[in-house]
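Structures incoming, each one as structure tokens.
First chain A sits with chain B, and in the next complex the same chain sits with chain C.
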Partner chain A sequence: MQTLIESRDSVNNWMERYGVRFGVYKNGIFNEQIFPFDSIPRTISHKDWQMLEAGLIQRVKALNAFLWDIYHEKNIIKDGVVPEEFVYASKGYMPECESVDPTCKVYSHISGIDLVEGKDGNWFILEDNLRIPSGASYPLIAREITRKVSPTTFIDNSVADNRGYADILKDMMDNMNGGRGINVILTPGRYNSAFFEHSYLAEKTGAVLAFPGDMMVEDDIVYYTGLYKEKVRVGAIYRRVSDEYMDPMAFEASSLLGVPNLFQAYKKGTVAVINGFGNGVADDKGIYYFVPKMVKYYLNEEPILHNAPTYLPYYKEDYDYILANISKLVIKDVSEAGGYGVVFGRDLTPEKLEELKNLIVEQPRRWIAQEVIDFKDLEILEGETKVWRKADLRAFVVTGGRSEDGTPAVKVWKSGLTRFSRNPNSFVVNSSQGGGFKDTWVMNK
Partner chain B sequence: MKTFVLSPAKGNSLYWLGRYTERIYLCLHLLRKCYDMMIDGDTDEYSRYISKIGSFVPYLDEGAIRRGLVNDATNPASLISCIECANDNALVVREEITSHTLGYVQLSLEALRKSSKADAEPNIDTLQTLTDWMLAFWGSVEERVYDNRVKTLLKIGKLVEHIDMNLRFGYKFYRIEEALMTLSFYRKEQPNAFNQEAFDELKALLVEGMYEPENMTYLNKVLSILGNLVTL
Partner chain C sequence: MKIFLYSYESKAGFSRPVTAHSFLLRAVPFDDEVQTLMESSVEITSGPCRLSTSTDVWGSEIVYGHISDPHDSFSYVSKGKIIVREGRRREENPSPVYLLPSQSAAYDASMAELLRDGSAEQSAMEMALAVKEKMAYVPCSTGTTTTALQAYSQSCGVCQDFSHILIALCRHKGIPARYVCGFYEGEGETHAWVEIWDSGQWIGIDPTAGRMCDDRYIAIGRGRDAADCPVNRGLFTGIVTQSTETVVKVNEIKEDGKDNI
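On to the complex of A and B.
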């Protein structure tokens, strides 16, 4: 391990060589920067991983079942498990998806589930990302590089090899495609913050990296337009463009990022879209509260993984608790993402706390509150000094691969993106807010 | 298994990547030649270089010229501008050329950025390393790119730039002739990539008896046709 830590400059040189960057817009100006990598890995014991793996599979199965139900029978609403206003008032709910059948009933093919480990060793789910979760490429390429730079580290430590992510992804894309055409990864373009990831995953999966304008729809079939105007049929699109920009004919009319009439083709079932449309209703911060209930409802199982203790001002009891304890809670705006819209009550002045209370009173559906989890700090190197910082883990669950019984396989990638805060006083680990990342080692024994 | 299908935009990026990497390679060679002539006191060599390469940025003295031609990102004819353009084109075709091949452009860009602190004198050692990386880039294309169309588009760009630069700097005709012969071979392989009329016109002008790169009317005409030769 020491050799790996000592080789961090070499690791960063390799990252630079491969163009491992992410883009940030600040004051309207696009800048690409290196995603700071810390060479001390997070390790997850074999025993913990077995529990996490089972819990993640269970959770994602329930979330996919929920999405199918919401856009079809709506039994979970009829049975009073999830209040209908949480579904229909969610920004992520798309009425256009009603009664649309995605390939093999899979909505969330790639789920990025954010977890934290408490100081007591218990893991908690912080949020589910079911739309276009990003970040897998960073630990993927980091492992490729660290194995080159410090092979002895991996001889001495029995770490699960994580380099098969592209194979898991490709298997899922091929299965969803069903041999109808080529696989493509649709990127919004060169100046998207995650463009490195789009192009790297295209390289690793052998998919075609498609840019806006590269595809067209004719008679409900999607085609990729080739060099000399030849049309090549597309069978599966792993899109990295948000729902609302995917089809100007169906959604945001001014979008130049999407493919006109794509949604019509999707509805007809001639193309698989990965992840499916309308997933935002299930990763809404308000819906998060109900996921353990979904596990019981759809799978008839006890949830293996737990949410952070969460309160919904929608319920009177929770509402009263939040207003009485706001200074010790973390308040989240359900419509925000990327670490934005998250406020710690303890950081606010009495006046600001009052303002926040008023906002909650005015729009209780807009907020959730959580107990602040004292999550485990991880060691990182700052200069030559080891310091402790807050960190989370984004686990990636891939649904829709081939399986022996023909049902879509659900696989958890034996790795994940560990993000850490570089600010000693911050719990916010998002890369867009200056956080760094680590490799995640899942131990074989 | 990789899917072999290219969009027109990617075809265009491959062509320009081929052009820019060749330009970087030749500029490095020519800059070193300028440095060499400076040793013997031929200070006009830079001025000739500037006019031939089409740089319109005025520099006040020799030092500023030397720094500007290498490090001035506001000058489209500078080395760093060429590398940035090569990089912009390479990034969008990563999956076609592979991360390993892209790495040589990235390395060049980072090395030059690091060595080009504001007013620093260009580092000859770094320049040699860039030459090595450009050669490695083309070696990596040979070794790692399996789609012949991708290779061909890169090489078409390389050959067009090769002819362009050799014309501008008045190199001997046989250098142009060799490149044109290879380009004719690629024309047969990918006819749709070329403006056929322009190609025929170019061939008619690039014959030994007519070759006079010092004649500005002739030079501008050939360069203009060359600019319209590829239609991606």
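On to the complex of A and C.
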């Protein structure tokens, strides 16, 4: 372990040489930063992992069932489990997806589920990311480099091998593709914050890295024309471009990042799009509240993993509770993403608190409130000293691989992205706000 | 009931050849309980091109394709023969999205002076008249992405803006409303109007003319607002200047097939 800790600088140097970076836009200027790696791994016990794995599979199955239902029969609305306005008023709801059947009914192929471990050892779900969750490449490459720098570590410690992520991805892409054509990873380009990841995953899965303009649609079939201008049919697109920019003929007309008329090909079922269209309706911060109810509704099971205690001002009881207890709650703006719309009541001046209360009174649907969870802190190295910092875990769940009974397999990657906050007083671990990451060790015993 | 021969012709010229040209057209009338399409065709007249067809989520027919080779013009003709009745389109449960504000048709408190009370049909008609009263029809005073509020604030616009304002008002009053794009009898450009939903049927109202729609209105596209049903969307590679001409002709014919004009 000691050699591993000492290896921090060499791992960071290697990562810099490999170009492991993420980009941040600040005031309209693109800057690339390295994502600082902390060499003390987070360990997850075998017992905890078994519980997490079962809970994550259950949750993602329910979320995929919800997406199918919302864009088809809408039974969960008819049965009064989820109120209609939470669905149709959600920014993530895409009416264009009504009655469209994605390959094998899978919407969220790659789900990034964010969790935290409380001081009492209980795990809580913070949010579901079902659109284009990023971050898997960082722990993958960090592990690869750590194995070089400190080869004995993984012999001495019984850590689950995490190098299989690309195989899990490839198996899913191949299965969704169904032999119709090549697999591609569509990147918005060099100046995207996760470009390193796009190129790394393309290399690892053997998919073609496609840039905007490399694909075209003819007779409802998608073709890759990138390298030699020779048309090659595409069977599955792992896209890292968001829904609204994916097809300028169907959505945002000014987009140059997408593939014109791709959505029509998707509707006709000639290509798998990974992740599917319209997933934002299920990872909306307002819909989060209902996910445990979805587990019961679709799977008839008790949820294994719990949400952080959450209140919706939409419900009278919760509304009263929030207004009375606002100073001890976290308030989240459901219309924003990326960690900027999260406010801790205790950090606000009395005037600001009143202001926030008024906003909640005016637009109750726009907000959710949560109890502040007392996270278990993790040790990190700050210079040469060990200090404690808040951290979360993004688990990656892959849906749609081959299985014996033909239903889409759901697999949890035995690792994950552990992010920590740089600032000792901050609970926000979002990497766009300056934190770093650790390797995540899932123990075999 | 009327029978029409219609044609929609569009010619785009580019100052230099363009490539990798994708397009999507909404230029075919609905074939439903109000309109019966007896004949229809869409043809790209500027050169050979394979076309695909489908229906979008709002029910509009779409025709789309891709031209890879360099070309300096893009023309197409949509034409056919159609029977139009004075009926109303029936629907039991319209999508709840027709009650929610959309990007170009969002209500703003400053429009309150145009709100009217009454039954859905009655208040919608009165609000349409209020829009017509308030707004001046000024060609080219707005663009394709002008919102209801922007047009309202300048008190002038075209049929698209009149429709967006009426839709915003209706939705604010809890009346489901949608945008309709189509042709009107005679010769000119495409037109736009509104359908509001009341008691199981969609009722056409033309706020620009300040009247209910009748059998002179041929609907070709619809959606939450104009952004859901542009007649033509395209994207190509090339730095060019573009000139486009479009002509709509809708002529009534007698049942024996002879031209009425």
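In this text, the second predicted complex is superposed on the first by the 442 of 445 C-alpha atoms of A that agree within 3 Å, B and C clash if a C-alpha of one lies under 4 Å from a C-alpha of the other, contacts with A are read in each partner's own complex, and residues count from 1 in each chain.
As a working rule, a residue touches a chain if its C-beta (ideal position, glycine included) is under 8 Å from a C-beta of that chain, and two chains touch if they have at least 3 such contacts.
The structure presented is a predicted model; accordingly, all values stated were derived computationally and were not measured.
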* Which partner does A:Ala54 reach: the first (chain B), the second (chain C), both, or neither? -> neither
* Looking at the overlay, does A:Asn183 come into contact with chain B only (first), chain C only (second), both, or neither? -> first
* Is A:Val217 touching the first partner chain B, the second partner chain C, both, or neither of them? -> second
* To do: Please work out whether A:Tyr88 is in contact with chain B alone, chain C alone, both, or neither, and reply first, second, both or neither.
  => second
* Asked: Now for A:Glu203: first (chain B), second (chain C), both, or neither, which partner does it touch?
  -> first
* To do: Report for A:Leu348: first if it touches chain B alone, second if chain C alone, otherwise both or neither.
  => neither
* Can you pull the chain A residues that chain B and chain C both touch? -> 213
* Structure fact -> So, in the complex, the side of chain C touching chain A is made of residues 20, 22-24, 50, 52, 54, 56-57, 62, 64-66, 68, 95-97, 100, 224, 230, 233, 235, 237
* Structure fact -> The residues of chain A that touch chain C in their complex are 84-85, 88-89, 95-99, 213, 216-220, 248-250, 253, 256, 260-261, 264, 267-268
* Asked: What does chain B use to touch chain A in their complex?
  -> 1-3, 5-11, 88, 91-92, 94-95, 98-99, 102-103, 106-107, 110, 149, 192, 232
* Structure fact -> In the complex, chain A touches chain B at residues 16-19, 182-183, 190, 195, 199-200, 202-203, 206-211, 213-214, 224-228, 232
